[in-house]
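There are two complexes below, and they share chain A, which is joined by chain B in the first and by chain C in the second.
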Partner chain A sequence: MSNYITEIDQKCEIAVDDTILIKDVECTAGSRILGGFVPLFDAEAVERIKKAGYGIKGKTNVGEFGLDIIGETSYYGEAQENGNLIGAAADEVKNRKVKAALCVDLNGAPRRAAAVSGQTFIKPTYGTVSRYGVIPCACSGEQIGVMSDSSENTKKFLTIIAGRDDKDGTSLKNDSYDYESKTELSEMNICLIKELLDAADEKVAARIRSVVNFLEKSGAKTEYISVPEVRYAQAAWQILLAAETCNNISRYDGVKFGYRTPDYKDIDELYIKSRTEGLGILSKETLIYGSDVLSKGRYDVCYDKALRVRRVVMDKMKDVFGKYDAVLIPAGSTFEYKKYPLDKAFENVYKESLFTAVSSITGMPAIVSCGVQLVADHLNESKLFEIASKLDLSEVEK
Partner chain B sequence: MKYEIVIGLETHVELATESKIFCSCGGHSNQEGPNTCVCPACCGMPGMLPVMNKRAVELAVMAGTMLNCQINKYTTFDKKSYYYPDLPCAYQITQWFHPICTNGCVEVKTASGSRKIGIKQIHMEEDAGKLVHDDWTDTSLVDFNRTSVPLIEIVSRPDFRSKEEVVAYLEMLKSTFRFAGISECEEGAMRCDVNISVRPEGSTELGVRTEIKNMSSLVSISRAIEYETARHIDAIERNTEVLVQETRRWDDIKGRTFSMRNKETAADYRYFPDPNLMPIVIDDEWFESIKAKMPMMAEEKAKIYVEQGISEEDARDLTSERKLCELLDKVAELGTSPKTVAAWILTDCAGILRKNGKVIGELSIKPQKLFDIISMVEKGTITRGAGKKVLAAVIEKDVEPEQYCRENALDAQTDSGLIASIVKKVIEQNQNAVKDYLGGKTKAFQALFGACMKELKGNGDPAVIRAELEKELAGKQ
Partner chain C sequence: KKCTTDDVEPMVFVLPLVNVLREDERKQEFSRESLLSGAPEHTEDSWQVPRLVK
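Let's look at the complex of A and B:
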């Protein structure tokens, strides 16, 4: 299985996930239902990369709409390494086929891919990179991030794509961002969230311990704290993600673009058969769940409550960042994700989202480096890059 | 038994913005051909994000202010989900949780008096596309020109008690919005859902309510209310059928309403806040700047015209079209009396348009040109008759008035020598009229005057002709 859905130019150095639009290049989002959809314009991030003088090597395969663990739900097959899921973009970066890849993080897939492949990925603050040209799913949390082999390269390409875009109403006002460090690692206070450490396997726990050792040696202070709200973040993000995704992928009906069932007798059957054949099981379960949490009588106890939980988690994390510069947590429960029967996908993805939901639901930036995840307050990417750049030079296993 | 009708209206009005509500496509739904005014955003292609059109917000605020609503400082947009081929995203962006205007009221005047109608709320939303059925191939085609055209939906309280009140209310909305430039209110740009129930007079309980969807002509609305009222009363009095709460469709040809499949009323629209559109905050500063841009209401303007000496009827005619008021004001500003301009617009311009099969609303003339014509007539450079000819040429071909007069020899003949010789000739040829005049029939003077003017092809200076004619006739006595 190739890592690319479409190869554009072998000589170029940047890969772009197939959930991001490139003009005149088919965009499938890993789904059969978008097969043959050719967009009419470049995503803003792609345009900025091109303007900066880089070319696009191709569209890397992703799990359907990017909803899964690491690409295992793609209609077009999945990327594996020694029987473990790795993710197409991470595989390309790891094998030095490209300098960097643009990936959409909506439920943590690129963060997990970076962790298992030992690469660096940053999901910046919500609103810093334009979502213009991203196949929409969970609009209130999804962000384009950068995957590369080092914090230095990640920073370089994030600087290129970040900045105000009037075509995205949620874009923040800053025209550009300065990610150079203002705080030295030696002056930082970093905390670890117990609830998340307890949920990861021994290999992940050991990696976290060696990172803690390094941080302490570098002069940073570390501390273990309890944040029970992480469980609420996981549940609330599931509701928001499913509801928004359900709403956004309702437009794929077999009429206007993408896949259309070959045989149908009327419009209802055209809709039903195209969607039945075109969507994978994880998307379907997400749709059912999303429809339910928005339905009459359920909205107040599900969706509206999830919005309020988002606020609670936001407040809690703001509190945490009042005392600490960054939070150190696992990126996932393990470094080895095996392929599994996809009727378990909805449940499995939910379990893994425990580690990524805090940053997804709050829009706070998260970086994955040396297999661990660091989260900072909104617009504090410079702190994350400072820590990751030191980790790059450390003895910690990648 | 006597019955009371209880009616509430949901009125959709297309806003007169230059572009659609969330993309930069032209805002008008009446485009050349199908799908000529579309872009990836309003076609529902993934990757495009809605960007709020500020002008639409301003027009909604103006509408709310005119209907005496509370303008909410904090307003948000929500998604309403349903499948229909004319809805490209399978959701419509509307305002469900925090509409822009709430709690207004308007006065509605009918022959039986004046009553207050409550406005529950005004919210903004995007329009859907149109389905066109092609009988030849027996397929339905979809036209997205209208998708994302900005609308406001004005939801009244169930305060109407007669079809006359409904019609008066809608006419008032139409003229107010047209005059204020909020909506062109063209054919189809204002659509109404009518909620109707009937109850015995004096009862405080509401009867079974039916909703007649999507009507745009006032005549149809009035007929539909009449039909539906009779149907309800029949059902109550003679048990002709069991009334159920449902949505019905008006058939203009058959002259009756039909139950629509109950699918749509039973639908769960799964509203939720649109994460792609930030809440809109209308702070005092913005609100004041919108208010400052608001045009005067038609009634106030008419009052001012009456004070300026224009008749009440003319004032009403002028204020039916904002364009006419703007034209009049500009011409008057250049230095003519408003009353004179009003006459030129309502009599002469209207007459010329009528001859060409047009209505006064279609008048298009540069204020400076109208002013030039009026002042040439007032100064006596041309006669009023010649003025009308120039006016027609200006309206039809947009010519330059003075140049046109010169080229077509319309300048008034003031050469008293020439006029004197013509007067002599006319007197020669009309001895009978001269005799009549000398015999005391003063009307004969008019005939002689007319004959002179005819000789001068209508371009003679009336004052000079009159003077010459009087002098000549005096000599005969």
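Let's look at the complex of A and C:
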């Protein structure tokens, strides 16, 4: 199947995830419930890409609302390579069909896609790229990032889309960002989190070890540390993600736009059947879980607790970045994601989010390159680009 | 293992942004017609749903 929900212009070189709005082009977020929804404006990031002289090739398929592991819950079909899930945007970049893709990182899907396809993806610091025109889900953590074939190209396109936007209330004040490195790789201290290494399979662990050897040879210092808080981050992020998604998805009711069931006798049936037929099982489970953690009697022990845990994780990571320039961790448990029965999606996504939750819940930047993930302190993308620019898979695997 | 949060304040946003306000400004970016155009059913000036009051 095609990687695109909608192809706009075959000659153009930028792909845009179908969770990002393009004026007059259908936007589904991988969901039946948004089928036929045609936006009235461009997302800010899309506008900036166009202003910089690039054209949009089309809208790449995503898992429903970007909630899943690697695109497997899309109503419109998923991208696979040799029986493994790969992610539509990553597939386009890998096969050099586009120079870069704009992808929304809500729960790590583009990071996992970059890792399995050997491409580079950066999820920048929260607030540095406008979310105006992104189909909202977990607003306090989601970010537009850039997927490309190299750290250089990823940096180039991130520079284009990053910067203050008055239309996004969570946008930081800087009009632009300088991602050029001020610290050489040879001067860096990089740590690895034991708890995350232990949770990955042997192929991923072997790649991490190869990268460590390469970094050491390049003069960087590496050290293994224990951060038990990563488990807290995983649990708290699932609660926050579900709560925020539940609020945001409630707007899809079959009235104002998108899908409406063809057969209903009154308003209640219109709502119930439109949502029952329009939403996939992972979204429904997320909605139910989100409603639960926000409900009276559960709010304090779930949602409020998760907000406090977010601060605990943030404080811990700030401590870590007081000593280290970056953290090297797996992007996922494996390089080979197979299709699975979707009634297991909620559980499977939760397990996989262990590797991506720290960056999601803290808004700290993360880059995936050579199949591994590096996280840095807020606004330290330049360090991530410096490390990624030196990582060369053929050198790493020597 | 339990995470103790007794003395920890909730953190809603990850960055220190508070009271992001702007001047009230009246504007109409999109016409009524274009806002209605995406609805599964609509009249000339409203979204349309089954009758609520019988």
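Just so it is clear, the second predicted complex is superposed on the first by the 393 of 398 C-alpha atoms of A that agree within 3 Å, B and C clash if a C-alpha of one lies under 4 Å from a C-alpha of the other, contacts with A are read in each partner's own complex, and residues count from 1 in each chain.
Everything that follows uses one rule, which is that contacts are C-beta pairs under 8 Å (C-beta built on N, C-alpha and C of every residue); 3 or more make two chains touch, one makes a residue touch a chain.
Predicted model only: the values in this text are computed from it and were never measured.
A.B. asks: Just to be sure I read the superposition right, which of the two partners does A:330 touch: chain B = first, chain C = second, or both, or neither?
C.D. replies: Touch status of A:330: no partner.
A.B. asks: Thinking of the overlay built on chain A, is A:310 touched by chain B (first), by chain C (second), by both, or by neither?
C.D. replies: second
A.B. asks: Of the two partner chains, chain B (first) and chain C (second), which one does A:170 touch, if any: first, second, both, or neither?
C.D. replies: both
A.B. asks: Thinking of the overlay built on chain A, is A:243 touched by chain B (first), by chain C (second), by both, or by neither?
C.D. replies: After superposition on chain A, A:243 lies in contact with chain B alone.
A.B. asks: Taking the superposition as given, does A:257 touch the first partner, chain B, the second, chain C, both, or neither?
C.D. replies: both
A.B. asks: If we overlay the two complexes on their shared chain A, which of chain B and chain C does A:232 touch? Say first, second, both or neither.
C.D. replies: A:232 contacts chain C only, not chain B.
A.B. asks: After superposition on the shared chain, which partner residues are touched by A:40: those of chain B (first), chain C (second), both, or neither?
C.D. replies: both
A.B. asks: Who does A:140 touch here: chain B (first), chain C (second), both, or neither?
C.D. replies: Once the two structures are laid over each other on A, A:140 reaches both partners.
A.B. asks: Just chain B (first), just chain C (second), both, or neither: which does A:267 touch?
C.D. replies: Both partners, chain B and chain C.
A.B. asks: Based on the A-chain superposition described above, do chain B and chain C contact any of the same residues on chain A, and if so which?
C.D. replies: In chain A, positions 37, 40-41, 140, 166, 169-170, 255-257, 267, 307 sit in both the chain B and chain C interfaces.
A.B. asks: Of all residues in chain A, which touch chain C in the complex?
C.D. replies: It comes out as residues 36-38, 40-41, 126-127, 140-141, 166, 169-170, 172, 228-229, 231-232, 254-260, 264-267, 270, 304-305, 307-312, 314, 361-363, 378.
A.B. asks: Contact residues on chain A for chain B in the complex?
C.D. replies: Residues in contact with chain B: 21, 29, 34, 37, 39-41, 43, 131-136, 139-140, 166-170, 243-244, 247-248, 250-251, 253, 255-257, 267, 271, 291, 294-296, 299, 303, 307.
A.B. asks: Quick check: in the complex, which residue numbers of chain C touch chain A?
C.D. replies: Touching chain A: residues 1, 3, 5, 8-15, 17, 20, 22, 29-30, 34-35, 37-41, 47, 49-50, 52 of chain C.
A.B. asks: Considering only the defined contacts, which chain B positions touch chain A in the complex?
C.D. replies: 40, 43-52, 79, 81, 83, 85, 88-91, 140, 268, 270-273, 275-278
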